[in-house]
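Common to both upcoming complexes is chain A, partnered first by chain B, then by chain C.
Entry: the complex of A and B
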């Protein structure tokens, strides 16, 4: 038996290789650098790695290759755009993660135990969160460019495992945090099982694990359609679980609420980009010719996601849960871009992912600022009158909410408008009508929060807005600026996306 | 067309002044008034320079234009922000900046004790800039910007002393009534775009021949509504009297010489519309005729010197509107009367301000009397303005008003007779109430309180009055000798329809007019100079005087016809909004919330239920695919 050495084009893979290298060095830093220096070193290392990776993405943005990693990965325009978005979101999230207040000093200690107290008094920090983030980001970077089923699964696990861990690292309410991490892990494994099951069926259908091979079988139509349909359905379940579409959404409110808020921000924004990126590639290339079979199903899922997300969000009393349901509704909006299955839909989905991801990080960043002596205050009733106490936090939050609601002059409007018009062009009228209706419902609860913050008198209960640290302020300001610029003058970004977003097969 | 790059400075200079003074805040208090005056004066300088250039060019090349930037470009709708300076607008530019500068100078002294003088000058500069934009815009839409700008400046200046609730109300009243006119203007612009696809003056002029008469009549009527609002013409005249709440220089500049004449400008500028829409043109004449009588009658009963002058302004603008409604033969005379009126009325308002300045801001003429001795310069300049408005030769009003009366008679038929007689009677009433103002203020015995110490105003105040008095004396002769203004404006108007027929010789008209004036003066003399004037207004007067004192019931009319039904309508609508629309919204909201709460039950926190839900979802998905495939 002979082995051929794999031929890899290192330049094209460099963004991912840089990230993995950075993550490994991060692990070494944990082992060899003194406790006092670690936070600074890790932050610098992580930020440097992300920036370098982003620079590489920028430099190879025009390249196209199917064979960069022996046919397992594909490099093209959408890949560059999605990877760039993930990296930008990761960078602004890192500022937030770097604020030490959010993480437990000793993840291994039992909640409330003596060890935990000791660690708190010693001023320990879990700097492991930095390499974990880098590993997750590498997984997310691979997910949308994977071009065979094995690679897709590896990437899925690679992005999920660090997230499961990080969800359990919260400093306050540690039990809830650990519970959410466990839930996320169990349900994630369940979904992964579906995913693998579907992958097996697809292999059975086409006799190939590469996207190209499956695609050719779909076009040829020679295989057994039942195998294809079951495989497609189960694979899709794995992906829909990650984006939190109904009925595979149930983990997300609990996890969003339990996880440390910076992790929630990162997870909500970046995972969506990665998972939708993978879905775009799969549905726009591999399954494009079996459109007849999946469009009605995905449309139905989009419709119930939008409606359920918006309706349930209304009755939420907790700001993080409200944002979780809002993200479920947004998963529905984004699915209409998948249904569109045209160039406009591709461009719109990519724009929407970036705009929504940035606004999400910004929104959660504001959530980290509102606190009392026991930590973050997520009860909406205690957000009353926030506008008077902290105009900065309240107006930034209002801006992000308006962006979620899709009000003009924010990025959300451009995103919603372009994604719905793409779907309308395709003829998905029912989806578009539901989308607009649920946007109206959603606007109700977004604006209710704005009313709460600005037009309701405050209750004196010791809720204070922390003076934002430079890092958190950076996250909020950068997100706000991007949200506004994309809303007021989106043309250059839209043109950039349109020119670049072409899948190669 | 000739282009020029310096037109924009006309507007930019005063605008820069306004911006500097408003943003500069208290730091500019010390020299703000000087800057404001300098800006207005330099704008006047640019205007003069442009006039020189224009005189040098042959007739057909006199208009100049400047494109500033592409303003709107949406589908078929393209509008450039462009300026146009032609023979008509240069008249206005010089009037606005010239009189404006004089009034700036006057205000330096008049407002010297006001702690907000800087803000006052900022608003004055803002007004000058907006008014220049109004007359320089090369399309209805550009004009509209200036139109709204002067409305804003007028609102700010009427309510300048808004610490007095009555003054604040007056500014609000002016603003609201002007909105009705503004609506007319926007409708006119929409009609122009809908029927002709353009809103520029040149474009509308070119396409007016192809447009239906109905469309042009509609546009003309809407333009007339706009003009009535801005120029205080019937039926939108009620705000002008209250507008006298503003400081007197404002009344002189905005509510006598310039802004209120914007309606005349609009109608003259739109001559191509009105010439092709006889019905609208007839309405213009009717509105002018009604207003000139209306204003004159109100003027007879006013004891407040500024309100008497305001009524007179309304009446004199009625003359101009009437002339503008007479078509190509009348436009030049409308503009001529507008210019001469700008001099003598501004002069008289400044005179009134001077009197008030010396009399502790007293405005009631019954508390004046015998001021001639104490304020000789004010008396002389005011007197010259008085002679001018009466139309006594050779003062300015003689030329301009006689022309209008003559043109009115020459309109032909019953229309000519009615209009001619109306203008003549108007002239008589004008003579009556203006003589009354003169007698009550300057002659007779003193009726003021002991704590008033009348004195002549400082030179900064009387100098502008003197300059305006020179204008009151000479402008009529200068503008009409050899048909100067007529020939100057001639290329702008369409003279096809012109047909010469003289009903009465000019000399006869002059004689009739002078006779009427003499009658008016005589009545005033017998009533006010021959007998003692009471320092309080007599109560037992005829019903007509009572009505005239109440401004011919204009406010009651508006209140009964517009305000109360309007209020009732809004109350009903608010109630309907609350019950029907809000009710529906709340109902939907309630339904959404309760369904949300019901669905929330699915989220019970148990992993096993979540996993079950995923499983159910997966089965449903397979089932659905099964259904689709079948």
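Entry: the complex of A and C
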């Protein structure tokens, strides 16, 4: 038996390799650095790794290659854009994660047990979240550039497993947090099983696990269409689960609420970019010629996601759950970019993902600031009068809400306009009209929160707002600036995306 | 000289200065706001002097690339209609600042914030009339809701936050319908020679009549909510009642004009065929607005709601004038927009002073003000007379033109609308009688008359009302060519009067 050494293009893979290297060093830091130094060392290491990786992505942004990793990964413009977005989101999220106040001191201890109390008194901190984050980021970076089914699955698990863990690390309400982690894990496993099942059928259909091979079979139309349809359906279910589209959304409100808020921020923003990135590649290249078969289904899912997300969000009393339902609606908006299946749709979706991701991290960053003595306050009733007590947090949150609502002069408007016009160009009038209508519904509950914060007097046991830590403040400010700049003068970013976003096959 | 962008930048600069002032220096904030609005007014008048009135093309045109990948430009330019409205807005702004010198004190936030919002709003008011790029127009149309929302909800009275939310949701809903139409236009322009939002190019798009009708509705409903035309009017009385008098002036006097202005600039220009299709329906809505608004006003017990209802009636006249498709009615409608701005401003400002002095906005609480506060009472009287279109005051000219212009094409509508004038006499004279005449109501004996600041604020408004009532031709000479141009572009010629021409 002969063994051929794999040929890897290290330069092109360097962003991912840097992340994995950083994550492994992070694990070693856990073992060898003293407890007192760990938080600082880990934060510096993680931030440095992410920045270095971003720099590498920037340097290789113009490269195109199908053979960077023996045909398993593809490097092209959309890859660079999506990876860059994921890294930027990870960097601003890491500032939130650095506030270890959110995490349990000892994840292994039973909630309320003596061990837990001891760990709290000893001032332990779970610095493991840093390497876990880096592992998740590496998975997210691979997900949108995978070009065969095995790699896609590995990336899916690689990004999911650390997130399942991190969702259970909350310091307050640990039982709810652990429940959410378990729910996420169980439902996620189901989704993975569906995904694998679909992958097997696609292999049966095309006789190939590579995207190129499947695409050729789709174009040739030689295989058995039933196999293709089943394979496509189940693979799509796995992906739709990750983006939280209806009817695969049921995990997201619980997980958004139960997970520590910095993790919610990171997960909500970065997972969406990664999963939609992968969907873009799959639907725009692999399944593009079987458009007839999936467009109606995806349109229907987009429509119900938009409507259900917006309608159910109205009745939410918890800010994290409200944002979860809003993210379901946004998954619907993003799906209309997939349906568009044209260059404008590709550009628009990438822009939307970045803009929405940044605003999401910013929004959750504000949520982490609103606290009383027992930790974060997510009950919207207690956000009353926030505008008076802490204008900084309230104004920033209002800005992010306006961006979610798609009000002009925020990034959300440009995103919505571009994605809807791309979908309309394709002829998806029903999707566009539903999108516009559900934007109107969504505006209702976003505005209600603004009313609560600015126009309602505080309740007696008013929420104290902690002086924000410098890092959290930085996240809020960076997100707010990006949201505004992309809303007022998006031309450079749009041009950058338009020039780069071309899939190679 | 880049007049229009200068006009838009000046208030922003003023807002930045005010924002930089120390928080407790309220007086400086007010003075800076007044100075800024005065400078803007002066600059607008200076620009208007250079306007060539026989030239029906857009003037003072500016064009900068904004988002090239979507074909979006920051494009400005005015025709006579837009110029008149910008002029009205920038004259009203300093009046509002001066008249409402103390109205920011009851607010949730600082006085400073109030003036920053007012000035940001002024920039947008200029921009929304001057935009010649559909995308730019839409952005400003939607974005200007935000400062108004905070002005009503933060500085108003009573159920202010509910009123602010109602205002915002109605407007957003209309705006989103318009957005759907805009997206459709954009995509069509892409298929017919490249993506663009240029108004001129969009008006040359080829589309089927069904498409045109649907897109027209998207725009028209947005503007009908904004204007507001019956049955889209229910947000206005609440908003006007809760807002401060100054905010109400800007809301009814300027922002609502964006609706009627939009009907001329966007509905008629972009969808001429659909406009003709829907004209019969719209004329009926307009007549209903005139009569219904008047009846509501007669029944109103609250003075601010009363003024809001009269405005619904007046917007009915404006809409009727726009869709009557004759040049007199069209000129009349534009002149009406200008005059309504001033007569409503006078009504709201004086009513605001009355309410502030009496501490109540119920009409029956006043009485015999003529004896106690003669200057205030006379100001209210003149404003009221202008609102009911008494000959010799400015509104008469415009109402007359609208009715005459409508009569040649829609005699029945015009006759029914004439009843609106009779009803107007009722809805103005009843409160005038109750509030100003008769014996002085107990408790009102010591009300103070207008002080110097208030007199200075109201004087120019009254002056405009009286002067334009007697001598409207300077303004009409500017408006007429533009109105004729709109009508001829639609393919209409004025019908020859069939009676009395032998």
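We adopt the following convention: the second predicted complex is superposed on the first by the 504 of 505 C-alpha atoms of A that agree within 3 Å, B and C clash if a C-alpha of one lies under 4 Å from a C-alpha of the other, contacts with A are read in each partner's own complex, and residues count from 1 in each chain.
Throughout what follows, contacts are C-beta pairs under 8 Å (C-beta built on N, C-alpha and C of every residue); 3 or more make two chains touch, one makes a residue touch a chain.
The structure presented is a predicted model; accordingly, all values stated were derived computationally and were not measured.
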| item | value |
| --- | --- |
| Contacts of A:437 with chain B and chain C, given as first, second, both or neither | second |
| Contacts of A:186 with chain B and chain C, given as first, second, both or neither | first |
| First, second, both or neither for A:296, with chain B first and chain C second | first |
| Touching partner for A:266 - first (chain B), second (chain C), both, neither | neither |
| Chain B versus chain C as contact partner of A:276, first or second or both or neither | neither |
| Which superposed partner A:409 touches (first chain B, second chain C, both, neither) | second |
| Which superposed partner A:491 touches (first chain B, second chain C, both, neither) | second |
| On chain A, positions contacted by chain B and by chain C | 444 |
| Of chain C, residues touching chain A in the complex | 65-70, 108, 138-140, 142-143, 145-146, 150, 153-154, 160-161, 164-165, 168-169, 172-173, 176-177, 179-180, 183-184, 186-187, 190 |
| For the chain A and chain B complex, residues of the former touching the latter | 182-183, 186-187, 190-191, 194, 225, 229-230, 233-234, 236-237, 241, 246-248, 250-251, 253-254, 292-293, 296-297, 300, 308, 311-315, 441, 444 |
| List of chain B residues in touch with chain A within their complex | 589, 592-593, 595-597, 599-600, 602-603, 605, 607, 609-611, 613-614, 616-618, 620-622, 624-625, 628-629 |
| Chain A to chain C touching residues, read off their complex | 347, 387-388, 402, 407-409, 413-414, 417-418, 420-421, 424-425, 432-433, 436-437, 439-440, 443-444, 447-448, 451, 454-456, 489-491, 494-495, 498 |
